[in-house]
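In the two assemblies presented below, subunit A is common to both, partnered first by subunit B and then by subunit C.
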Partner chain A sequence: MRFLQLLTKSVFISALLLSQGWAIDHRELTIKAAYLFRLSLFVEWPPSKLSPTGSEPMLFCVAGNQGMSEALKTALADKSINQHKIEVAEVQLRNDLSACHLLYLPRHIQTPKPFLQAVVSHPVLTVGETEAFYRQDGMIYLYTKENRIRFAINEQAAKKAGLELRAQLLHLADQPP
Partner chain B sequence: MKGKTIKNLASCLFALFSLHESALASEQLSCDTIAENDIVDLDLSELGKVPVFMSANQKATCTRQAAGIVTVISGQEIRNMGARDLVDVLQLVPGFSFGIDTSNVVGLGIRGIQAHEGKVAVFIDGINLNEHRFGTTQFGNHFPVEQIDRIEIIRGPGSIIHGNFAEMGVINIISKSAAQIDGVKVTGEYGRFERGESRKVTELVAGKKWDDWEVTLSGKYGLAHRSDRIYHDAVGQSFDMADSNELESGMVNLGVKYKDIDFRFLADDYSVDSRDGFAATMTEQDRHLTNRFTTYAANLNYQHDFTEAIQLDLNAQFSRQNPWERTRKYFDGRPSVLREQVFVDFYKFNAKTTFASDEGNYVVLGNSFSFDKFDIRVSEPGGLNAPLPTFSDYTAYAEASYAFPWVTMLAGLRFDAYNEYGTNLAPRFALTKDFGRFHFKGLYSEAFRIPTGGNYQKNVEYNLILPENEQIDQVNPERTYTAEIELGYELLDNLDLTINLFDIRSKNIILYQVDKTRNNADYYINAAGQNTRGIETGLRYNAKDWGYLELDYSFYQSTRNTADKYKIITTQNQQIHDRLNIGFPTHKVTLNAHAIITPSFSINPTLIFVSDRYGYNGDLLTQHKPAWVANVYFRYQNLLTKGLDVGLGIYDIFNERFEYVQPYNGGHPALPGPSREIMLKLSYQY
Partner chain C sequence: MIQNKRSIKNWLFFVIMLTSTIVLLIAGLLFITFRMVQLKQDMNNSLTIQAGVIADNAQAVIVFGDKDEANNLLASLKYDPQVIYALLLNDEKQILAHYQRPGSDVPITTEAIGEFLTENPASSETERYLAYTRPIYSHANKIGHVILFADFSRYWQLLTRSALVVAFVIVLALFVALFLSYILQKLISKPIESLASFVSTVTEGQNYELRTENKSYAEIEQLATAFNQLLEQIHRAISARDHAQHQLRTYSFQLEDLVYQRTRQLEEAKEAAEASSRAKSAFLANMSHEIRTPMNAIVVFTKLALNASESPHQQQQLKRALESADLLLALIDDLLDISRIDANKMELDYQNCNLFEILTSIVQMLTAKFVEKGLEFIIDISETVPRFIETDSLRLKQVLINLLTNAIKFTEAGQIRLTISASAMGSAAQVTFVISDTGIGMDRETITRIFEVFSQADVSITRKYGGTGLGLSISKKLVALMGGNLNVDSHPGQGSRFSFSLPIKSALPDYDDAIISRSAASMPAVIVVESRQQSREHLLKLLQSLGCSVDGAATGNEALALLAQRHYRHLLISRNLPDIDAFALVRQIRTDPQLSDISISLMDSLLGEQAVKQFSETVTQVDYLKTPIFDRTLLCRHLLQNQQETEPQILPHFSPPPQTPKLFNVLIVDDYYINRLLIMDILQDQVEHFLEAGNGREALEILQKEKIDLVLMDIQMPEMDGFEATRQIRRQLHLTALPIIGMTAFAAESDCRQCYQAGMNDVLTKPVDIDQLKKIFDQLGKGRTKFATEDHAAGLTLSNYRLPGIDVESGLSRLRNDEEKYKKLLVLFYKSYQGKESLLEDHLEQKNWTAAEVWVHALKGICANLSISSVNDSCVALYEQLKNRSVNQQDLRQFKHHLTEVIMGLQQLAESEQ
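Right after this comes the complex of A and B.
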């Protein structure tokens, strides 16, 4: 039954992805999902945003692509951070982005500015994949180098938003290309 | 006594050092078969190493799961240890041993068996560097090290995929890509023995990627001396190697890649000067000999990924070689005399298809056609002046691997049809399993060595001086049957132990002979067989930020030897050691430790111990005592400015004065190797 569910989801996701007219490599998506999860383990949100002792869900928002958000849901199913279960949702600009704990702007979001402005004074960890995102004060930039995914950090942008990034994360970050 | 005390003290320091320092196990650079389900569980530092796109070939290959006993040495490790050349690198590989062939040419032996002549295949970026006359590869100030990304070594047969020359092993040198170089790096080395200059080497590595284009260019020019010691031949003559036995090498390696098309050009010009002579006696006092090896090779590869699971490789290779070009030179200024010159043109066309799944199951189907054309331009007096036949080979091979729940099985078969040597089949089977902390491999391979044009030429020349009723046949292909077992266990998260057992049986071994009754005329025969068996162990400790440690031990014994040439026999014709082959130590221990003192400064000691070896000095059997060769390399990166690296190496700290013992009875006394050496290395990357 579980296998059938997985198979159905995979077929559904593949159809969604293909219908978006954008070929997404499933392996690449899995690696990025792992990054979103692992990066979040080294971030501290203010207590008002995420209670250290509570168990409310953490909301990972994926901008503008239902197929990707479905794929991330599958990859991060049953994952939680400090007892906060991860929920993945697809969002558009019209949604209340301040409710997100993490806002992920995939590669196809070529103009990240409106999204970044929507969360500028809120403790939302922004993760993006374009140079424009990083230049416009996006916090964590995922990029590909030599067939591997690396990340660069804009610590100032994170601090301005009230987020604390642990030293280990800063130590592991690369310089942006 | 004092020397022994110092040696023991230094050994203890090495041991203490290794307790403090931690080791970086060689990265699995050539593959990654982490299942997608497991990716989400990797930590951040591990995620940065996971390749995004896996070609079908990559899915089919993995050090831990590869169906072979594999050693991967990264370019970073090579530069950390201050390797002067490939001899320094390969001395650390279990079961590998270097010995003199003849006339200052040093070759490789593996697991107690002489492998220099056509039994270990050496590749640089897919181009085979074995010379096609006799199949040899020459070591010592030959191969550049700065452009190396990694060396993948199959310690065992590799004939299925790599064909002839891969009977005992495969050494695959892979250069850095344009993206990895991304600029220009210039390196200079200068070294001195106790008595004179040891080496002057300069290397250049350049690479750039523009959109779909990638260009790499590397070059090396180096002059070195094999040793600074006195060589004594079997009849009491001697000469000073500090003034002679030079090794001169130049190599250019150009790579151009555009999307799926990869072009490579390689030019190699290696000269070995010698006065030690061919066998027991050195050259006459008024002269020296130069053996020159040149290769000009081009390789065109087209790789197309139909899907993530299906990859097609089309390949065309051409090389023109002029190996063992022998020139006699005089000290008094008389003109040189060219004694022998043979050109070999090699052509090969290869097509390979790989079907691979994400889990690493794969099928490889390939076929190729190749031929060698020989052109004897100059031959020794009495030598062959008639053309040799063209030697051609059609090959078809297949290999498949499937992961069952309880074990991964591999089966492969290679079929060759040679125009001169008939047909040949070589199968391979393997069972591998990764249980998490524990892994297991069981392997059986048949491999071969086909006689080369040089073997053919020598026998034709020998028959020219023999009466008709004593004529000899051409030699037949040699076959090897190898069984290997590997057991590996992760003792701790950063500590890996592997143990390999091997059993090698060779049949119809191609044996070099000299007829002393006919003016030392040389020729080849097939001897019945030579078998060895042994164990190799490796301990790897990786402490990531602190460094790494690698400790290896290898042991072999001879279990059958029908060739007197490889036996240890006294002048009274008594075999005194039936478990040992000439030239090879029973035991070898190596230690390579790397300590990161600061992010810019590191220290890398290495230690090689070999047990006693036997050799010949003319007809006299000689015993060479155990040797401890210790080196240390200090490296400072980004000194004063980013990109400027400085290194200082001290080699053979105890002044053991290692000797290259001839691994067969050719009468050649052991050739002195380097004595204590200091080398300074500067490199700048911009």
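Right after this comes the complex of A and C.
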């Protein structure tokens, strides 16, 4: 009996540790997903891209193939913005990135340029986490400061893409360090 | 009572103010309430807006959970002072940010927050705060809440400010209201006041013609109009009243006029009636005269014929004629009396009369009838009856004679008694006369009829007793006129009793009583010899009342017996003695020397007077008392006088036999030829020559031409009547010594007086009594010589003087009516005794009794001769007293009073005789 118990416990602990490790990643993704959602709340896509009255789904594209889409999907499962259900898709450069409403370039994407060039002048909200992203006219730069996630916004880039960012969001944006 | 009258002014004022105040207060309150609501509303709105703004701006903040920014957002609430606390919550009910106004408390606890998290915006309110909660949506997702809390401080502040403003405005408005109300109330009260003052003007000035013109408000105008109408009515009423008064006055004037007219008419009618009445009176008087004159002639000529007749048969016839004539005259008199009484023309002639003289006259008239029937006549006068009474002596006589005549008529035997008594009730005395008889009496039926005119008991009685039948009715009427009532009490077979009382003013105090009562001590003892019981008892009573001691005797022998037993001073012997003749008795008594000092008086009716007098002269001295005896005074005097010794006489008694000297010229003045004839017939033996005149004027003419010895003057004549003629004779012709005898139809004493006043010596009534005329004539004849020689300037007769205490008639008659002599004697008396009134008193003071006695005795004699009766009576009394050496002071006073009175009365006479 004791042995079983011990075994179970060790399983549990290892699961926990694993999950913790897994959880930590998971958790980070969840938070990011939340931010993506939140940011989207304050962005306005042109009507050609996202009809105000319709209910076609919004496409959140995640670049890379790290398996993040599953976590993101889970995090954004039931959420919708203005009746638009959020769909998550992992994308590569080869994909038609212009169909995305939002393009998320996680940290591991070292060269955001090609992604950015692919959606330039397309109403796609680009959210990155690298400096390079921000330098290369990425629209919203997510960074951590003091253990908190902050974001900086390149308003012109958004404007060029035909996206309108709400003042409140802009107000909340920080300057990147 | 309302103590403090409410003025409409003040009331209006008050009302307006009250209304304004209330309205303003209500408005104010409403406004405040409204403001409260509004402020709350504002607060709510404000919170709503702010919450909305914050909610809209807080989406990103809440989404990203940016606390700092959240706080920044809430910080903008500081600009709203109301907000004291605010919370920003995320969808996990976590406070993202809060705001708290510095200085305020946290209004709620954390636990209570849950209530605010509603789906919809909502507000809630507590005392301390107003909370507003609003959910924040982002893309149709509720992401959080914002809750705002506001306190009421600002609310109250604002509210208070509003309230103050309101209050201020109200006060201001009230002032305005005050002012306006003051002005407005004037608008109302002014017309009312003006109306009131108008009314008081009208009432004070009583001017109802004023009208008011009040143009103000409908109601007040109504009132004013009503006033005007009222005034109109009053004015009309007053006008009507004035008009009515005026009319009334007019009517009253008219009435006065009418009354005046009527009065005038009535006066005229009355004058006409009076004239008619006077005419009737004159007619009656003339009738009386006219009827009497021929009747007079008839009677006299018949008498003359009777006198001249020698045939007994003729005498019988003439007697019958005479009787009828007498009856006719009596009837005529009665008729005239009755008609005069009934026509109220009977006037009573009230004079001061001597009752006793009246009675004497009546006795004289009726004595023959009494004696004829052998009836006793007793006159019983009570002591309280005054001697002098004011009455119509003629009428009283008429009544008494009528009643006594009836009594005699209807009494066969017994006595007739006349009782006179007096009773005094204060100032109203009355004298009662009762005539009672022992006659046939009357039954009740007869009694009721006897006073009727022309009814005697029955026809048989008329035949048996005669009479006119008018007597009793006249008597009854006369008595009624004199103020009494003639009553009768009678039963068949028991005689009758007629009585009446007359109210009489006692004319003079009866001083005789004093003498009588005083002399009681000196009254003599008397025997009354009288067979008739009633008369005897009457006399006894009379004498006893005088104070005499009396005894009665019914027969002469009884008298003699009495005389033998006692000593008497007086003897009164009646002629009616059954056993012995009165004269014989007297002779018998006189032969007795013991009875020599007795005074004897023979009592008999006047028919026997002559016989007694003759007896006295021829046989032995006796006095004569005329029956019926009723006068106490006379009796007393008689008794006392007879006690005197011989008195000194001033004048000699004159007792030669009467002669009948002839008169030469006699003037007869009468408007009737018959009357003149009559008189000439009567006097044909005594007169040499007659002259006639038909009226006064003719008489005067004759008197101027001829020397006349005597004038017989009728009174009623045309042209100049007897009075005027006599006056003229005396004054104009100065024939003061000429004897003028008047002849009048009227027997009243006033007529006689008139005659004397005119200057006549004597008066005869028609129809002229022959004997009377002859008697007067004789008297005049006796004194004629004196008349002829003396020629006196002063022609006033004694009757013109007032001589109290002097019995002028008696004195004159004593002197055979020699007035001049009488006057002379009176003057002599006056001269003798003037100033000697107190002489007696002086004698008495000196206790000079003898001198007083002698003086009084002398005076008494003189007064007796001169008929100065008052002094005489006093002297009589005093003399007795003086004899007893004690004088009663009252008598003395009375004596002096009488003497003084007489002397004063004579003074006038003496002066005129100078």
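The rule is simple: the second predicted complex is superposed on the first by the 152 of 177 C-alpha atoms of A that agree within 3 Å, B and C clash if a C-alpha of one lies under 4 Å from a C-alpha of the other, contacts with A are read in each partner's own complex, and residues count from 1 in each chain.
Heads up, the rule we're going with is that a contact is a pair of C-beta atoms (placed from the backbone, for glycine too) under 8 Å apart; a residue touches a chain by one contact, two chains touch by 3 or more.
This is a predicted model, so every value here is computed, not measured.
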Between subunit B (first) and subunit C (second), which, if any, makes contact with A:Asn82: first, second, both or neither?
second
Of the two partner chains, subunit B (first) and subunit C (second), which one does A:Arg166 touch, if any: first, second, both, or neither?
second
With both complexes superposed on chain A, which partner does A:Ile31 reach: first (subunit B), second (subunit C), both or neither?
first
More subunit A residues in contact - subunit B or subunit C:
B
Check the residue A:Ser98 against both partner chains and state whether it touches subunit B (first), subunit C (second), both, or neither.
neither
Touching partner for A:Thr74 - first (subunit B), second (subunit C), both, neither:
neither
Both subunit B and subunit C touch subunit A at residues 38, 42, 169, 172
In the complex, subunit A touches subunit B at residues 25-28, 30-31, 33-35, 37-39, 42, 75-76, 79, 144-150, 169, 172, 174
Sort out for me which residues of subunit A touch subunit C in the complex.
38, 41-42, 81-82, 166, 168-169, 171-172
Note which residues of subunit C are touching subunit A in the complex, please.
57, 59-61, 63-64, 66, 69, 138-140
Quick check on the complex: what are the subunit B residues that touch subunit A?
36, 39-45, 47-54, 177, 179-180, 308, 358
